[in-house]
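Every chain is named by a letter (A, B and C) in the order it is written, and numbering of its residues begins at 1.
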Amino acid sequence: MEKTIICTVCPQGCRITVAGEGSRIDSVTGFTCPRGKAYAEQEFICPMRILTGSVRTCGTTEPLLPVRSADRIPRDRIPECMKVLRTVTVKPPVKIHDTVIKNILGTGVDIVACSELE
Amino acid sequence: MEKTIKTDVLIIGAGAVGCAIARELSRYRLRVLVVDKNEDVGGDASKSNSAIIHTGYDAKPGTLESELVVAANPMYDKIAKELDVPFARIGGILPAFNEEQFSQLGALREKAFLNRVYDVDYLTASELLKIEPNLNPKVMGGLYIPRESIIDPFLLVVGYAENACQNGASFLLGTRVTAIHTRDGQVTGASTTGGEIEAKYIVNAAGLYCDEVAAMVGKADYCVNPRKGQFFILDRNTSCKVNHIVLPIPTKITKGKLMCPTIHGNMLVGPTAEDLEDKLDHSTTAEGLDSVARDVANLIPGVRLSDTITQYCGLRPNKVPEGVCVDVYDNLRNYVNISGVRSTGLTASASLGRHVVRKLMEIGLKAERNENYDPVRKGIRLLRDMDAAEKAAAAAKDPRYGRVICRCETVSEAEIIQAIHSPIPARSVDAVKRRLRAGMGRCQGGFCAPRIIGILSRELGVPESAIQKNQPGSYMVVGKSIDGEAK
Amino acid sequence: MNEHNLICDVAVVGAGPAGLAAAAAAKKQGAGRVLVIERDALPGGILLQCIHPGFGLTYFKEELTGPEYAHRFVKAAKEAGVEFLTDATVLEIGDKHLRVLGPSCGLLDIQAGAIVLAMGCRERTRGNIRTPGTRPAGVYTAGAGQRLVNRQNLMIGKKIVILGSGDIGMIMARRLTLQGAKVEAVVELLPYLAGLTRNRVQCLDDFNIPLLLSHTVAEIRGHQRVEAVKIVQVDDKRQPVPGTERVIECDTLLLSVGLIPENELTRAAGIAIDKVTSGPSVNQYMQTSLPSVFACGNVVHVNDLVDNVSRESEQAGRSAALFAAGKLPETKEIACAPGTGIRYVVPQRIALDGTDADLTLYFRVTAPGGASELTAAQSGKVLTSRKVRRVSPGEMEHLNLKNSVLTEGNLTVSIAAEEGK
């Protein structure tokens, strides 16, 4: 299988073609730097994304608390993760980067607070 | 709905005319009920027009319309004061830009005189350019009509309605009349989507829909077609402004497009005149807006339509055959039919209100004066009208006067809350907008609408998903974005 | 003139990224009392609703979400001793004077040694772009939609069409999809993407949202609520191509059609505005035509990266503090103007202060291009230049030079395509 990936590491947006199957990479062409090559390979095997969203609050004037995944998670798991976020409510106090959900859906990645609640 | 409402007079239609009649009737000890299918007063044409109080200079002489408009114009100084409605006599000019137009000036002035509008003067080209510098320099001369005026049309209708309410009239909004009942050649009441009404007298003030109401009693010997008018509103900061109502000289083909200031300092440009069939077609069109742009450039070549903040369209109720009529019938007693009110309806409302009440009395309505009648209606005290000392005092007394919600028009939370709890409560985003101008500014609600949704929801005790822009079905949001249910 | 209720050295209008950076910098520069006035309940500005990542890549060398970026600057400002007045609106400004209204503070007249304007932008509306059709509920600008969804927990609709492929539109395409809506298409008038490629990949491609370039919304339909939009292809003169009309059923039209610096306070104070940027004309100190008033961030010109806003705003804050202390030099200024292929340059004026200070000229090109050379020249003499591989109006460019190389006479920034490339 061959996939053409637009690199998003820097604004140049190199078009990188990756050939392979599953997690086996046969060739990577079109990159102009090592970061781009690494990005393209990861995109081919398993696109990873930072998840960002919100959870509901109670006991505070802002109805929502913005949250993020502490690290990238597989893109394909994001829809399920968003469903989990919908089930969470947090109360103050919350400090920046407090864990809101530990190890979301077994990804090994925590969901942390992006702001604070007093 | 439940039990029958009984009233002495039922007015169908809460536009300028219906509300003016209600106000006049509230001077008497009568039960007055106004019904309208819309969720707020303001009707249709009464809330989408050029906001001009005409002199009647160009009416058809000898008609009822001419009488009503000419009589109404001088009444507005007092009405605007009593009802706390912004109004200004800025005057109108009719510039002529070519020989054909110039040659018509005499006839136009003569027509004004026939309408008993005598204060119409000739101005030379240089006089016109002096008072209106942005006029097309090709101007050859023109007419000056000092009593052509501008008003806040929304507040005029709200003012009529609230004053009527304050003096005992009732309003049933969001309620459509489905049938009118008669017995032995006399009206007895109506069925509505909100229940039954027993009425001794019924007035058809339904404007665009007055033919449909008249048809309910077999009196539709005319029909009403919508004549669309599309307008531009320009930013207050636009560099090319006019000081007067700049009126086009009508040609054989078209009445033409005008440009004038609004009472709040914006510029208004338009309207088109497009005959339609669909009374529900409130859309602007590229062709219509382009025609406004082309035509107004002849009057004011420097007009900057790129400074537009919004466009809208109104539907003039164009009766065929045309002509304002206030009819009563021997074979249908206690019913007054108002038809043909079109471009001068807003203006004529003041005199029509009295004319119709007189008509009702001619056909038998008896009523004693309401000694408690108070002609004065105080509007909401607006933050933007306050000087520094008053602002400080208002915010100290009610901190919500200190929270600016609409920053383009400087409208505070206190005013919005007052509008929501006013005698004709504002229950939708547009109802708040019309009373306070919140959302009419250059950001067109981008900043304030999210907040106003929250305030309406809180004050009315309903979820945000129940808040409408105007009519039912115009929901602003579908619900919470996260409501705890896995989707 | 009222007696002043409050006196400070530097007053900052707006606690978004620009105001926060300016305030902290003013304090660090030695200003005694620095007050930030913010009309929202919390400081952070537009960042509070930008819950997506992409901020801080150059300033912090980390990828942060908007709230995280705001948090760092709010913390830094508070630690530096900056005071905040939230839930308060500035009604007017003048020379060393502001009038503020708030529910807690009432009407306040503030005397400030210097003022920094950091009000940001408002959004271009449906009315501005004259889209024909009805006026139903469900037409939202992207920022207003973002505020409803991310701050107020209110979902704007279920089936969305987005007009404009700027970053805000694409970000909202992703956000609305993640929140359960169906985004039918992103429609873009230009033949190229208005925003960053990375956003196209991560916001549109990731979710299979169609991007329709060279298209526009020709009509909005729906009586009470949006029911559909009619889209049409446009030619190279941006005119509709007959026969390409298509109706997309939807209940929401989201508009991402441009930002306009919000300068009502600035205009009312009689401060000179650059017609192209719609922001105040400033010198390299971010000083406006009223010497006691400075400006920074999106209120001066629409930026792409908040990181640049932070740097530019620190300059404004430092300058404001120096001005309040009477230490900002007052020297002759030269004009800095856009030349061939350049839409605008900020700063529009440069004070010749005779120092070796670094100057950065920020500018945008008028059209996309390939390999080009950017130059800054004075009286025909090139003072600095740089070659670039590609340019786009959507990506701000810059040139650096030292104040000391400047002489009298206008400075012009231009772009020229490289020959044979």
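The rule is short, and it goes like this: a residue touches a chain if its C-beta (ideal position, glycine included) is under 8 Å from a C-beta of that chain, and two chains touch if they have at least 3 such contacts.
For clarity, every value in this text was computed on a predicted model and none was experimentally measured.
Two chain pairs, A-B and A-C, are weighed by contacting C-beta pairs, with A-C ahead.
Averaging Cα coordinates per chain and for the whole protein, the chain whose average falls nearest the overall one is C. In whole angstrom, the spacing between the mean C-alpha positions of chain B and chain C is 39. The mean-CA centres of chain A and chain B are about 54 angstrom from one another, to the nearest whole unit.
Centre-to-centre separation between chain A and chain C, using Cα means, comes to 27 Å. The set of chain A residues touching two or more other chains comprises 54, 56, 64.
Counting only residues that touch two or more partner chains, chain C has 150-153, 179.
For chain B, the set of residues that touch two or more other chains comprises 481-482, 487. Contact residues of chain B toward chain A in the complex are 481-487. Taken in their complex, chain C has these residues touching chain A: 41-42, 44, 48, 51-53, 63, 65-68, 70-71, 150-153, 178-179, 196-198, 200-202, 206, 389, 395.
Partner chain B is touched in their complex by these residues of chain A: 54-56, 64, 83, 85-87, 89. Chain A contributes residues 6, 8, 11-13, 47, 49-50, 52-54, 56, 61-64, 66, 68, 75, 78-79, 82, 96, 114-116 to its touches with chain C in the complex.
Residue ranges on chain C touching chain B, taken from their complex, read 2, 39, 87-89, 91, 99, 101-107, 109, 122-123, 125-128, 130, 132-138, 141, 143-144, 147-158, 179-180, 218-219, 221, 223-225, 251, 264, 267.
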